[in-house]
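Think of it as A, B, C and D in the order they're written, each chain with its own count starting at 1.
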C-alpha cells in the first residue's frame, strides 16, 4: 500500500511548478481548496495557467496573489459578496492576465474530455454566441504553444444528419492540467476520496489531471472508505498527494463540516477593491501566517465554532449571513 | 394598497414567480432568481421543482442560498448530480423541455440575447462582468427563459458588446439556422416593466408596465425601439403574495434588500 | 408530490408497447430487472428493439420469450453458466433476430449521448475493427427507419489536429430508448433511486430514456432518501413508474440484498439448449406463475434464505456456486 | 516435480501471472483472467491493482467471482465507478498506460487481432460467440494485453472471421495509421505455449513451449506460419506458485477445474 500522505507545503513544492497548468476544485464559495491556494500564494508560485469553471474564491485569491498569467474560465463571481470577483475584474481590465471565456458546461465537458482521454466532446451550447466567435488567446498564441489546442472551439455539421435533433454541434477541446487541487471531506493515505454533497466538477478535474493534490477534513482508514466503495468518487490511482488539513476549505463551505464565513468573504471583497488594503489583507491572512493552521488560529475558535455545520442540515443553520 | 407598499425588487420577484407553472422544473441562478423560484413554489406553483446548475434537484431551501453552491441548496434535495449532470438534464430534450430558467443580465438586445461578460472590447474591456457561468448553456438549451435586469438605457442596447447567451441571435430563423433548438429568453423582467418576445417579429415588445411607471419613462430608459402598442398595466402584488414572499421566502431580506418606506 | 408507484403489470401495460425500443439495466448476472422481464414475457410483448451492453440473463430470457426482433448489443455471455447466452446464440444462428454489434464502451457512450442530448460522442475504441466495418443493420434498413441513425458508426479525422494525442476518432450515435427498465435497491414513490454497489450503465440508460420503469427492493420514504442526496443517482424527473418488487432481481444478484442463484442459472442454461426443455422451463417458471411473488414461492423460502447477503460482504459468503 | 503434477490450466494461469509486475493495474475479464490476476497479487506482484470493466477498482476478492459483475468484485473495493468510468480510465493515457489487460479469444491472427464474435459470416454465423464486451475497447486502449486461448489450429488463423479487438491490424504501422495508440495484444498464452509479438515484424512468434510439449506439436496446432527460431522451454510452476494458486486463489477449483491426476 503506497502512502501518499505528506505535508501540504511539500506537496505544492513537488507538483506545482512556476508556469504549471492547474485546475482547482469547488464552486464559488463552496469546497475550494483554500489551504492549498493560500500555500501557493505564500510560496509565490508564478505564471500559472488556470482552468476554471466557477471557482470564485480560490481563483480570485490566486489572481490577487500574482500567481496567474493565463486563465480559461466560465464565471468569476462569488455570490452576494462579489457579483464579479474583484481582483479578477481588476486584472482583466488592466490587461494583467490573458483570459479565454467559456461556459460552465463547456469547461465541465473539457475536463470530462480530458478524463475520458478523447480530444474533444460535442455540445449544442453556445452556437452563434461570442463565446464561439471571439478568442481571448489568439490563433498565433495557440499555434506557438503546444499546450494549447490550435482552435478555441469548432462548429461542425452533425455528421449523423439530423440524428439527435441537431443540425450542428460545437466541439470543445479536452483539458489535461498538470495538477488539480481539490478539498474533500474524507480521504485515505492511498488517495481514495469521498465527497459529501455536491461534487461540482471535482471528479472530472481530478481524472483529467496528471497529478492530483487532495486536502481533506478527515484522513480515514482505507478499510473505512472501502466499507462503502460506491460513495468514493475518486480512486487512488488518480491521486499523487494527500494532505490532512482540517478546515482546509475555510473560508468557503464544506458540506456537513462547516459553512462559508460570510464576514471573511465580505471583508475580502472590501479589501480587494483597494490595492493598499488588499496588501494589508494578504499580509495579515496569507504572508503573515506560516500555515493554514496559523490562519485558523487568527480567525479564532469562537468564530469557527459559529460556522460549524448543524448535523441535520449540513450547514450552520441560522448563521448571520446578511 | 398603493405602489408605495412594495419595492420594485419585490414586484420583479413576483412577476417572475407568476411565470412559473405547476410541474415546471425551475433552473435558478443566484439572488433574485432563486427567490422568485422559492416564491412560486410557495404561492402559485407548489408542484414546481427547483434545481441548480451545481446539480441539486428539488432543493428544500429551508434557508435562502446566497450562491448556487451554497450548502443550503444541498440539504434535503432529492439527488445531487454533478455540474455535467445538471447541464445534460437541460440539453436532453426529454427533461430539458420541462425546464424554465431565470437568468440575470448586464445587457439585453431586441432579440433577447444576453451579455454577462463585458462592456467594451472583450480583449481589454472597460468593465468586466463574471462571464457566462451556465447562462450561455441554459439559454442554448431551455425553451423558456426569463431574464432579470435593471431598466436602464445603457443596458437595453441595439447591439451587445458581447453575446454571451443566445436568444434569437439576429432575429428571424437565425437561432435555428445556427443549430440551436427553439428557446432562449422569452421574457425580460425589469424594475419597471415586463418585455416579451413577439413570436412573429422575434423582437421584445412592451407587454406590461408596473403601476406608477409610465410607458414614456420605460421607452426613455430603453436603448432600442420598443413596440408599446399592446401594453397593459401589470397587476400589483396581492397582499397574500407579499406576505408569503416577505415572511416565508426571505424573512432576513437577504435578497429583497431594504423594505418599502411607504 | 406525484406518486408514481403502481403494480408492475400496469407499468408494463402502460409503457411497453409491441415494437418498443427498450433498454434493461444490470450486467450479466447482477441486478437485472428480472421481475419486469418475466412480466413482459408473460404478457407476450412482441417485436421489441433492445439496446444492451452486457445484459446477459435478462436479454437472453427476452429472446427466449420471443419478445425481441432486433438487438443492438456488446456482449451476450453470462459468466460461468453460459459463456455465450444460449437462446441468443440460437436466435442469431437461425436468423430469428437482427443483430448489430458494438463494444461495451460504445454502448455505454451511446446511452450517455442520449442522456446528454447530443447526437454522438467520440471514442478511440474500435478504429480498424470489424465493429466499425461490418453493419448488422443494412444502410437500406437504416434509411427506411427513422428510429435508426443512417450510419452505424462514423470514423472522422480529429478536427483539432493532433490535440489529445489522437489522429482520428470513432463517433458513436446516441440512443434514446422508449423505455428503460431497471431494478434498484431503494426508491421512493416519486421515483428517486438509490443504487448500492456498481451502477453499471443503469444511470445513463435511465437518463437517455423517454420513460423509466423502476422496480425496487425497498420502497423508502422520500425523507429517508433525501437525508443523503449524494447517494441517489437518479432523480425523480427521469422516472415514470415505481414498482415495489422484493427479490425483483432474482435469479440475478442484488448487492447487499442477495446473491445470484447459480443453480437456477445453470438449470436455465441446460434447459435453453433444448427447445422442448426450454418450453417446460418457461411453462414452469414464467407462464405457469402469475407474478414474481408466485415464482419466488415456487423457488422456496429455504433456497432464497441461502442466497441472502451477508451484511459484511454484500453477497452470500461461502455459497455453493460450483 | 514432473509435468503430471499440474494441469495445463494451472500452467496458463501462472504464465499470465508472471507477466504482471508490481504497480500494474490489471484489467480482468471473467474466468481464468481474474484467477491469473489474483495469483499475481498473491505471488509476484503484491502491489498490483485488480480492476474490472464493471467499474470496481482494487477489489479484494475474498472469494473468486464467476463473472465481472459478480458481487464478489464489489466487496471491499477502493471505489465503484460506472462502466463508462472503467473504460475512460483506460482510454485516458495518464491512467491507461499503467494498465495490463487479460482477455479471452475464440480466434487470434498472426498480428494479435482477436475474434470473440463469430465463426462464419457475421450476418448468419455458423457459430456465434458473445461479442466484444469490453474486449475491443481494452485492445484499443491498453498498451499491454495478454490473450488466453486454447491451442488449436482452427483458432490460430491467418485471417479472422471477424476482427473484434484490434491488435496490429494488418501489421507494419497499420495500427497507428488507423488512429489507435500503440498497444493491443502483445502475448498469447495457450495450454501449450507462449507466443509473443515481435517488435520488428509485428507478428506472433513462438517464445516458450511448456515442458512436455514439443515445438512440432505447437506448429501443427497453429494455423499460420510461426517463427520458432527463438523458442525456449517455459519454467514449470514452482511448488510455491502451485500451492498459493490452489490453496489461496481457487480452493474450490471454480475456475481451475479438475486437479491433475498425476
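Basically, a residue touches a chain if its C-beta (ideal position, glycine included) is under 8 Å from a C-beta of that chain, and two chains touch if they have at least 3 such contacts.
Note that the structure is a prediction, hence the values are computed from the model and not measured.
Peer 1: Once you count every C-beta pair in contact for both, which comes out on top, A-D or A-B?
Peer 2: A-B
Peer 1: Among the chains, which has its CA centre at the largest distance from chain B's?
Peer 2: The most remote chain is D.
Peer 1: Approximately how many whole Å separate the CA-defined centres of chain A and chain D?
Peer 2: Chain A and chain D have C-alpha centres separated by 41 Å.
Peer 1: Between chain C and chain D, what's the gap in Å when you average each chain's C-alpha atoms?
Peer 2: Result: the chain centres lie 27 Å from each other.
Peer 1: Between chain B and chain D, what distance separates the C-alpha centroids? Give it in angstrom.
Peer 2: Between these chains, centre-to-centre, one finds 58 Å.
Peer 1: Which residues of chain A are in contact with two or more other chains?
Peer 2: Answer for chain A, listing residues that touch two or more other chains: 117-118, 123-124, 165-166, 169, 197-199, 229-230.
Peer 1: Mark out which residues of chain D touch at least two other chains, giving numbers and ranges.
Peer 2: Residue numbers touching two or more other chains: 56, 74, 76, 80-81, 91, 93, 141.
Peer 1: Quick one: which bits of chain C touch chain B in the complex? Just the residue numbers, please.
Peer 2: 1-2, 114-118, 176, 190, 192, 207-210, 222, 225-226, 229-230, 232-238
Peer 1: Which of the residues in chain A end up touching chain B in this complex?
Peer 2: 26-31, 53-54, 56, 73-81, 83-85, 88-89, 92-93, 95, 101-106, 108-109, 112, 123-131, 133-134, 136, 155, 165-169, 197-201, 203-204, 253, 255, 259-260, 262, 309, 313-315, 317-318, 321-322
Peer 1: Provide the residue numbers of chain A that touch chain C in the complex, in ascending order.
Peer 2: Going by the criterion above, the answer is residues 113, 117-124, 149-151, 154, 156, 158-161, 163-166, 169, 171, 173-174, 195-199, 229-231.
Peer 1: Okay, in this complex, where on chain B does chain C touch?
Peer 2: So the residues of chain B touching chain C come out as 25, 47, 49, 56-58, 60, 74, 76-81, 88-96, 98, 141.
Peer 1: Hey, which residues of chain D end up touching chain C in the complex?
Peer 2: Residues 30-31, 53-56, 62-63, 66-76, 80-84, 87, 91, 93, 117, 122-137, 140-141, 160, 162-166, 169, 174-175, 178-181, 252-254.
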